[in-house]
Structures are given as structure tokens and as C-alpha cells.
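Here the chain labels run A, B, C and D in written order, and each chain numbers its own residues starting at 1.
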Amino acid sequence: MTRSILILTTGGTIDKSYFDALSEYQIADSAIGSLLKEARVALPFRIVELMRKDSLELTDADRALIAATAREAAETRIIVTHGTDTMTETAKVLAQEVPGKTIVLTGALSPARFAESDASFNLGLAFATAQVAAPGVWIAMSGEVFDGLKVRKDRDAGKFVEVD
Amino acid sequence: MTRSILILTTGGTIDKSYFDALSEYQIADSAIGSLLKEARVALPFRIVELMRKDSLELTDADRALIAATAREAAETRIIVTHGTDTMTETAKVLAQEVPGKTIVLTGALSPARFAESDASFNLGLAFATAQVAAPGVWIAMSGEVFDGLKVRKDRDAGKFVEVD
Amino acid sequence: MTRSILILTTGGTIDKSYFDALSEYQIADSAIGSLLKEARVALPFRIVELMRKDSLELTDADRALIAATAREAAETRIIVTHGTDTMTETAKVLAQEVPGKTIVLTGALSPARFAESDASFNLGLAFATAQVAAPGVWIAMSGEVFDGLKVRKDRDAGKFVEVD
Amino acid sequence: MTRSILILTTGGTIDKSYFDALSEYQIADSAIGSLLKEARVALPFRIVELMRKDSLELTDADRALIAATAREAAETRIIVTHGTDTMTETAKVLAQEVPGKTIVLTGALSPARFAESDASFNLGLAFATAQVAAPGVWIAMSGEVFDGLKVRKDRDAGKFVEVD
């Protein structure tokens, strides 16, 4: 059984960049690879870019693809980088569709390309959770590891909070 | 029992800064508080600065102080930021002296004040380990969560590796 | 006569930030003050925020206000931070309306809040131009000091170029 | 006559990095090329690394080499990156040995590799000075363009100040 971690990128704020020629922000090449290099990660990992979407634009078909990729992968420890607005919806789908694996969703409230961002910390949080937590779906945000089925984003407060 | 995480800072590369007036690098005010703010950590935590030392300069008395502070604290989940060269020696002392708590040592190979540093990621790694791992002593470095008694720093390779 | 430099901020990419609660980028509190502190600027300066607009949204009334503020100011050395798309239009208005002062327009192709940005360098470029150049209107972008009436933005190439 | 700018790097704080394997800071590969790329400089330039020294270690022979390289170069606009402690001594040598060229010395009080540094701003300051200032020797530091023969570093205040 492989120790390697699989990272599925789907877009979201963590990968937003600014394109001057368009005068707008869009989701760009994923910054995850650079962040892991900067973090001097020596544990084996594999990055697969599945889509580049704001999480409000994710469809049922997108979630089915994320789940199928996670289920079919050789890796049993999987991180999904994801926009924060619908992270909990994807968590529900993964909990139903991918049994027996440790899956961690994470993202960022501030883009990884910003000088000040929660991206690197959150990715570290997700890496440890993927290694240490039991099989199931987890959300690693706001400095905390949540049960993926018992958490919601409090948009006004800018943080994730546990729910009963 | 408190959910709060206790962070003990002891110095090391993670907190090195450059002082132009002295033309030298020294350990400065800990950057940990700023990193956690940038990471938008909402989980309660408490930071105690124990010392500002290169880990090669840590004495038995220093290690005894770290262990006593960890043991006496109300918190059962504790992170120790530490220089990397003697991190495993402190891990041994903590394993003997502080039973029943989850203790995670972390640090950085590149100072937190650098534009490119492993500090934020490693701190995220330590935060999740402190929440998820069983009681014991852990080292969170190089993207990996190690048993604190079964790891060494490979200085030439610039990473931590498991030992038998 | 004052040595102090006046900095008028009008918005543009240099001051764009990302607001997670809105899932969009907007022009935020100006980053100019922080950049000058980080640059350890000891020369006296004064920052006046005139507006927070994408330069495509600037009106004739906005340009009249920029010109009037520059003309009435005690300072004879003035920097205007500005979106890049219509920087040359504002330069023309300033050349007509504000005689006898050294005015430098600058901005950025990448937001100042990004880890990688041309903002600090461009601001340095503008600071020296304001001190050294003759009265007139200058554009400081792409590493170059241009006559403000003989330059255009080449949007596809992502740079400013001299015109005859 | 070439418009191109020649950049001579000599070391100093601006290029200091931290080497974990040595537990010490040393002058590393120059960061100047990366800074100019990040600044999206389109003006032609050429970088020559002359030495990697703390400026307190520069010898008369080193200064003679800097002067000879500046004098013999095809470029008439030259930037010298330099440690700040003896920047004014090198300025005197260049003023005597290299007539008819615009030479600008700059550096940084905080290393370019730090997240917060005056390096990019100072390099922008130097770039504009090299283009706009009259032939002579200039020091571009602390947000100001100084006559290279009428300035000193106030080490305690952490800034350069004009002298009579």
C-alpha cells in the first residue's frame, strides 16, 4: 500500500490570480506544487488538476468526477483543494461515494499568490490530517480539523465552525 | 478539558531575523503569532515564549523547563517550535517527562521572515497533528508526521527521515 | 519650498485586493503606505487618497480633481498611483493643467498584495523620478522613465512602450 | 550609444541568504535578476556579478575592480549593488576613477529574500536615477537620491542622511 498522498485540485480562491490583460481575476495554474516545494515536502505526493472552478460553479457531474477519481486512485490518503463556499457539499458526496479512504478538503480565504495568505498553513494542516486521521472525510480550515459532515462556513465571520 | 492549543516557542531558524545595525542574524521576536493570524486560525491557542536559542545552545536545564511547562499546563495538546539540529533530543526528554499529552515539535529550515519559507506549512502540519494524533511526542517536518523517537535530521539532504 | 513628496492614490490594479465574503476583487485600502514603510523611506511624504477606481472608470471630473489637487498642493514633486489602462489620458490632462511641477504616474500590472508584484519597484522608480526629473509629466513603468506624452501601454505585451 | 543599464553586484545585505546546513547566513546567488523579472522590467539591462562580500570586507583591490569594470563598460548608466556599511567609500573611488558616467549605488537594510525588504523599492529608485540623473555618482537609499559624496549611513537610525 502506497504512503504517497494524492492531491486533487479543483480551483477556488486558493488558486486565483489576476490577469492584467483582462482586468480580472481568474483561477490560474495551480499554486499547490510551488507551495509544496517551498515547504520542502519530502513525502511522496502526486498532483492531479481536475478542474479550475469557483466552487459556486461546481456541478453534480464535477462532484461525481472528484469522487470517482478519489475512489479509483491507488492512494488511500487524498487531499482535495476546493473553493470554500460549497466545500461541505462536496464533502457529503465524498462521504457517500468513497468509503475506506482518508480524504481531506482544504482551500483558502486569501489566494496563495497573495503575500499574506492562509494557503500554506491550510495545506500543512491537510497534509498532517491525511497522514494521521482515520478513514473518513475531513475539512481542514481556520486552523482546525473538522468532521466533514459536521461543519459549515460562516461567511460573515470568515471562518469554518462546527455544527451539531 | 480545554480544546485550546499551547504553543511553546524556544527559538531556532524559524524565528531568525537580520539586524542591520549588528550585521548579523539573531533570533528575534517570535513570528509565530503573525503566522497564525495570517492563517486565520480560529481555534483557541496560547503562545508562551520560553527562550530564544539556536537549538545547538539548548542545555539540559532548558529542556527541563520545556518539559515542566508542558507538563504543568492546562492544555493537553502542545506545539513546541524549536531549532532543527537538536529537535530529536528534546523529543526524547519530552517523551520521558510528559506522559498523556499530545506534543508536536516543529520548526523550519528557512526563517519565517523569508518570502519563501517552510514555516507556515510546518505550523499547519503541527496544528493538525496536535488535534488528531494520539498522546505521545511527534515531529512534524518535511511534510511528514514522524514518531518523535523514530526520526533524525539528515543535514546534508535538508530533510527529516524515519529511522528504525 | 518643501522637499516633501505628495502621493495621490486613485486606485488601479496596484491596490486591488480579494474579498472572500463577496467572492470578488475590489480596490481596497491603499497599500502604498505599507510599501513605503517596508522600503524604509526617510524622505518626508504625504499620502492623499483621492478615489478607489479601476482606471477604465475614471471620469473627466475625476481627472479634473486629480489635476486641481496637484496644482493646489504645496508640494512641487508629486506621484500619482493609477490604473494602467488610462494612465496616459490622465498624463495629458496633468500636462495641460499643472505647469511647473514634476508629476510622476505609476501603478502596477500585478497587485501590491501579491507575493510577486511590480508595485514596490515601480514606486521606487517613481520616487527617484519625482526627485531627479525636470518639471513635467512622467510615467514610471516597466523599469523605464517615459515622457508622459510619448508612451502607450501595449496590453498584449504587458508593458509600456515609447511612441514617437 | 546604448540605452542598456549595467548592474554590477558586489554582495551586501541585499543578497544575504540563510544556509541551514551551515546554520549561518552568507551572501548567496544574487537576487537582483529575480527582482527585475518580478518588476517586469522591459528596459534592456546586463548583470555582472563581481564579488559576494559583506561591504566591511571589501579591499582596495575590490574597489579598483569595480571602478575598472564601470569605466571599461559600453554602458554609460551603471547600478552597483553594495553592502551599506562602506557604500560611501566606494562612491568616492568611483567619483575619482569613472568620469562621465551616471553611477548609482544601492543596497538594502533587509535582505531581498525576506518577505519584508527595501530591496525592490531601492532597485527601482536606482533604475530611475540611472536613467534620469546627470553623470556623477549617486546613492539611492532610504527613499532618497543623494549626491554620492554628500551622504553618510546613520547606523543607529537605520537610514542614510545628507551631510554638508
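To be clear about the criterion, contacts are C-beta pairs under 8 Å (C-beta built on N, C-alpha and C of every residue); 3 or more make two chains touch, one makes a residue touch a chain.
None of these values were measured; they are calculated from a predicted model.
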{"item": "Maximum centroid distance from chain B, chain identifier (CA atoms)", "value": "C"}
{"item": "Chain B and chain C, separation of their C-alpha mean positions in angstrom", "value": "43"}
{"item": "Distance between the centres, which are taken as Cα means, of chain D and chain B, whole angstrom", "value": "38"}
{"item": "Separation of chain A from chain B, taking each centre as the mean of its C-alpha atoms, in whole Å", "value": "25"}
{"item": "Shared interface positions of chain A, touching two or more other chains", "value": "109-110, 115-116, 158"}
{"item": "Overall pattern in which the protein chains touch one another (line/ring/star/complete/other)", "value": "ring"}
{"item": "Residue ranges of chain B in contact with chain A within the complex", "value": "35-36, 38-43, 45, 109-110, 115-118, 120-129, 131-133, 140, 142-145, 158-161"}
{"item": "Complex contact set, residues of chain D against chain B", "value": "13, 16, 18, 20-21, 23-25, 54, 56, 84-85, 109-111, 113-116, 155-156, 158"}
